[in-house]
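Going in written order, the chains are labelled A, B, C and D, and every chain counts its residues from 1.
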Amino acid sequence: MSEMIVETRDLSMRFGGVLAVNNVNFSLRERELRCLIGPNGAGKSTFFKCLTGQYQINHSHGRVFIRGQDVTGWRPHEIVQLGVGIKTQVPSVMNGLTVWENLWLSARRIHGKKGASAEVDRIIVELGLQTQMRRMVGELAHGQRQIVEIGLVLCQQPKLVLLDEPAAGITGAEADRLVSLIHGINQQSAVVVVDHDMNFVRMLGGSVTVLHQGAVLMEGATDAVMNNAKVREVYIGNRAK
Amino acid sequence: MIGDAANFTSAGRTHWGWVIAIFILLLLLPAGFDTNTPTLLGIWALFALSLGLMWGYAGILSFGHAAYFGLGAYTYAITSMNLGESTAAWIFAIVLPAFVAALIGAMMFYGRISDVYMGVITLVFSLILAKFMGATAGDAYSIGNARLGGFNGIPAFPILNVPGDPSTPIFGTALYYVVLCCLVLCYLVSRWVLSSAFGRILLGIRENEARIELLGYNAPAYKTAIFSLSAAMAGMAGCLFASWAEIVTPALFGLGQSVEVIIWVIAGGLGTLMGPVIGAVLLGTMKLLLGEQTFIDNSLVIGGILVLVVLLLPRGLLPTVMGWRKQHGQRSVSRARSNSMRRRGGERRQLGAGVEHGKAGQNHE
Amino acid sequence: MSWRAWTLTFEKVAMDYAAVVFLEIIYMIAFLVLTSAGLAVVFGMMRVINLAHGEFVMVGGYTTIACAKAGVNIYLAMLVIAPLVVGILGLLVERLVVRQLYGRMIDTMLATWGLSLLIVGIVTFIFGNTAVSVPAPIPGYELGEFQMGGYNLFIIGIATLLIICMWLVMRFTRFGLVARGAMQSADVASSLGYDPKRVYMWTFTVGAALSGLAGGVLAPLTGLLPSSGGAYIAKAFITVITGGAAIITGTLSSSVIFGTINQVVSFGSTPVIGEIAMLAFAVVLLRLMPQGITGRFFRNAP
Amino acid sequence: MSFSRRRFLAGTGSAGLTVLGASIPFEMVLAQGSPIKLGSILDNSGNLDAYGKPMVMATTLAAEEINATGGLLGRKIQVVQYDSQSDIALYTKYAQQLTRDDKVDVTHGGITSASREAIRQTFHRANSLYFYNVLYEGGVCDRNVVCTGTTPAQAVEPIVEVALKQWGKTAYVLAADYNYGQITSKWLTHYINKGGGKVLQSSFFPLDVSDFGSTIAKIQQEKPKFVVAALVGGAHMSFFRQWAASGMNKKIPLCSTTFGVGNEHLALSAAEGDGILIAGNYSQENTNAANKDFLAKWAKRFGNTKLVHEIAVSQYQGIMLWAACVKKAGSLDREKMLAAIESGISIQGPGGTVTLDPKTHHAILDINVMEVKNQKLTIKQQFKARPPSDTLQFCDLQKNPKENKQYEVKI
């Protein structure tokens, strides 16, 4: 499993009566780009939260390995400290702080007091946020907040990046930037993108895992999956409801 | 670390001009005035500062901060009675509250207890202490040669003395200067903390604890640390109060104390350090003046003020004034706006969280 | 007297004593239910914590005592006038203060806290800072070897009645429907076509009236000071928060737990230790269930 | 002039005075020459105001009376009055103000023993004469202090004797949980054992306890022949209420060391209060001339004599004793005053003859054992000139004037 950066074994998550994640075996190689898709209620976000430690898994419900470590039941910050960058579904940023401050808080842990400022300045240029760097994040547009959050991930120089619906509610132009950003990240690190927006997934390329009713429906290259009858049925059937 | 202070502005900065000017003024005060009341105000200011630091910058509101104030006072009284010398007692009165707070803080924060629920626990802890201390009149309850005395409290313990020299007690003007120095010291310490990485991470926690954790910081540890530091300051204030009042009573742990300090902070200005100090001094003075007459009950006035402050200047006195002063400075205004936005947003988020959790499990996905 | 006879009488007394202890426990539970009901309604439906609750209770008490002293029938005073007066007070408070602060939980707590001080001040100004009380209108009765306060039974009765009424309202009335909706999420009321502001206004008023009732009913037993509210709010606050969001189930369950602990320990040692035990247990409970009892168990209960 | 808000609302007493308030020094009369300053700290509001208000009135009455007769040493008396609002912490604050800022010549004040112990050392350090005019647990041995209230040997012993005689040998003691209650309960045990009785149990209650349900049940479990209540303050009043509400007042007789001192017998209905046995120096039914005269003055000054109670009278007697000492000493000089205090001086007070015992600085007093009958304290038995023999056991200030402590009885 050495070259596997993420691996889950028979991972399950149950809420009351509902089995949100149904023993999923998922694995990802170094530097791989994987999209996790599925209709609403397929258990994408729950699965995502299991990876990030936001939902605690007890050992009876399977195992999660990240970078060779058994992280089952770890708390988020411990998982992050393994070099995992996380962007959650609703943009989670520090609204009351400026863009620069947000990024500094992220860079500080990796680059220390000295390095942080330089790193932040670099990232700000990379994201083209120079003009907003002293504004409160809370005052920025939704799309820009998404970008800032990506920035927070970048500052961590992660080996593994988990993005939950990065494309939610952003304009076409921004989408293109987002795609190139993600590809940029993918140069150094493996990336998992959770999304249900097919077009965006197409733009990203890479391989795809389809979740349905908490279980893996199929896995493969984008086009293959997109054209698969079962997947279409699931999506369309779901739409029909 | 000060190098990037220009970029990291939300932690606020030391207004050296003001600090020095006020400090000199206060140094000269004994020349013109009786120091008895100013000493008390200084002690209250220190108490308010301790809460202001924790609440304003880490977003942790304790409904029972008096617990640590009282602990400081009692610890000092008991230790000094047993040792007859105040230096060790003084140090102990700071360390013990800090330690207790660390335990309680860890219990709450690692237990993921937040907003209202945290409020209850802090409140209950202070109530337990108050109840217990009120029921310790029997001779069974004595530590060394100090009888806890229940409702009587502990009178006639040695007041602060020049370190190492029990024969020269510190009172009157001397005590005033000691209090003043403690206040300034704690202010500078707070400033230093806020300008450090630790302080900035606290700001992050105040804004979005979940995100700070997803950046790889152990939020509960940081919260516990600031809770303990704040308690240490409160304990110092309590110790000074004991030495000023020359008696400690269970009322020190009471709900009233906890309420007042909260009012001082919110009225003075949440998210500033000077605000709580100013709030404590102004409202404290008013309380004392009202206490000298019985025509209007002073809780009537204090209460009225709190309601008005929350309704009319939710950001508190100091930030509002600052806002006026720099009407034209774009940055400060924008900060001000998002500050108040933050407070509301903050409440919403906590609230939302509360509701989410309340039904966690029905919402899968 | 013979050994057998002696043991028999002894058992008899022990039985009576057990009964007495039991009644005292039930009484304490009733006390907690009464004093927390108002706060629970407001918290459960509006997620607003009214820290002036204790003072509402206190005002209810003063109203009753004032009326009784003025020669009004005491039951009329405590069961009708007190809730009415405090209800109106609540209405005013909601319109003037709470309404401005919806969604800002901490700010609401602070404002109502200020309000509580304000009310204490006003009552002090009117009645003076002096303990007032009236005799209990019901004589004591004999329970085997023991004399019991008859009025406690009355309080227990009222508390039971209150719980039943609340349950009926919640279960069978439109108001209850909306209420249960509002407990789940704030938008439900509006989605059911009710103006949330109106719902909130009436909820707060009803909550206040309940506090007034509690104050009125409890007035004859314990003397009142303008500062008495503090004692109520602390207990009610703890009971409600520990109970969690579900109004009736939550309040009832935490009242039972705390009432029992408080009295059992009180009998074992002293009333003070009893209260301390209760408070300490509240901390433990919240540590185990950070969302309160009903946040953990029977979530959808009213 | 009383500063109670209700009086103000009732329209008597002018707003001006009321605004001045009970804790701002006010001129009793415009003195010719600097006035003699008489400090006073009393709980004029809060949980203990039932005790404090009449004491403030008594202070006013006494000072006015003295001034009306030309003052002392040709100087008027100025009362410096502070309201400690039933808050111990305020006592130390005001005591410091009285000694440091106001520099008073004497202080008459303090109600609870807690408050006395909080301020006694302050006056001792400042060598500022202090009169404590309230019944208490006895034992204070401090040359700077004069205690004119009754002590256990004076009031508790006789009531215990009567109770043991007419009710039986077993008792249950309820006491306020601070030094008064704690030490008094020791004396109670002491005297009850001495009388061949037995204390089944003693329970202590902080001053804010107002629910006695479990206690009343426990008492019935113990089945004592009588109950002794050394309870203090407004909250504890509800014990007598709940005791009556459960019908116990018909089953187990009750005696008290404090009942009536706060006019509890007026707050309780006749049905609730009747039959409670108490002992003290003063009853409004005292027939001596001094009392008739005093009640007349009080009625003239405050409208009616409803509020006159034990410690209001001892405050009045304390001030009068002090005035007598000043006259005898012919000066306010400390040593001369102490000499006068230790000269066996005595006055005729509403409570009968009051003599200062030179050894202990305590008062030798007449004691009445009284029973509550339809909201009145009716005298059952009188003991003339009882000495504070409890304190006398330990304390001789003439032999060792340096002493400064409070003695307790060892059980």
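What we mean here is this: contacts are C-beta pairs under 8 Å (C-beta built on N, C-alpha and C of every residue); 3 or more make two chains touch, one makes a residue touch a chain.
Everything numeric in this text was worked out from a predicted model, so none of it was measured.
Where touching is counted per the definition, chain A and chain B have no chain in common. Taking the mean of all protein Cα atoms as the centre, the chain whose own Cα mean lies nearest is B. Of the two chain pairs examined here, B-C and B-D, it is B-C that is joined by more C-beta pairs in contact.
Look at the CA centroids: the one farthest from the centroid of chain A belongs to D. Centre-to-centre separation of chain B and chain C, using mean CA positions: 32 Å.
As a whole-number value, the distance joining the C-alpha centres of chain B and chain D reads 40 Å. Averaging Cα coordinates per chain places chain A and chain C 48 Å apart. Chain centres here are Cα averages; for chain C and chain D they lie 38 Å apart. Residues of chain C in contact with two or more other chains: 124-125, 129, 270, 272.
Chain D has residues 5, 45, 85, 177, 204, 206, 208 in contact with two or more other chains. The multi-chain contact residues of chain A, meaning those touching 2 or more other chains, do not exist; every residue touches at most one other chain. If the chains shown are joined wherever they touch, the resulting network has some other arrangement, not a path, ring, star or complete graph. Working note: touching chain pairs come out as A-B, B-C, B-D, C-D. The residues of chain B lying in touch with chain C in their complex are 61, 107-108, 111-117, 119-121, 123-125, 127-128, 131-132, 134-135, 255, 259, 262-263, 266, 296-307, 309-311, 314, 343-344, 346-348, 350-351, 354-355, 357-359, 361-362. Looking at the complex, you find that chain B touches chain A at residues 1, 3-4, 7-10, 197, 200-201, 203-204, 206-208, 210-219, 331, 334-335, 338-339, 341-342, 345, 360-362, 364-365. Within the complex formed with chain C, the residues of chain D that make contact are 4-6, 9, 45-47, 49-50, 85, 177, 203-206, 208-218, 220-221, 233-235, 237-238, 241-242, 244-248, 251, 267-269, 271-272.
Residues of chain B that touch chain D in their complex: 34, 36, 131, 134-135, 137-139, 149-153, 155-156, 245-247, 249, 251-252, 291-295.
Of all residues in chain C, only 47, 49, 97, 100-101, 103-107, 109-111, 113-122, 124-125, 129, 184-185, 226, 230, 234, 237-238, 241-242, 244-245, 270, 272-273, 275-276, 279-280, 282-283, 286-287, 290-292, 295, 299 touch chain B in the complex they form.
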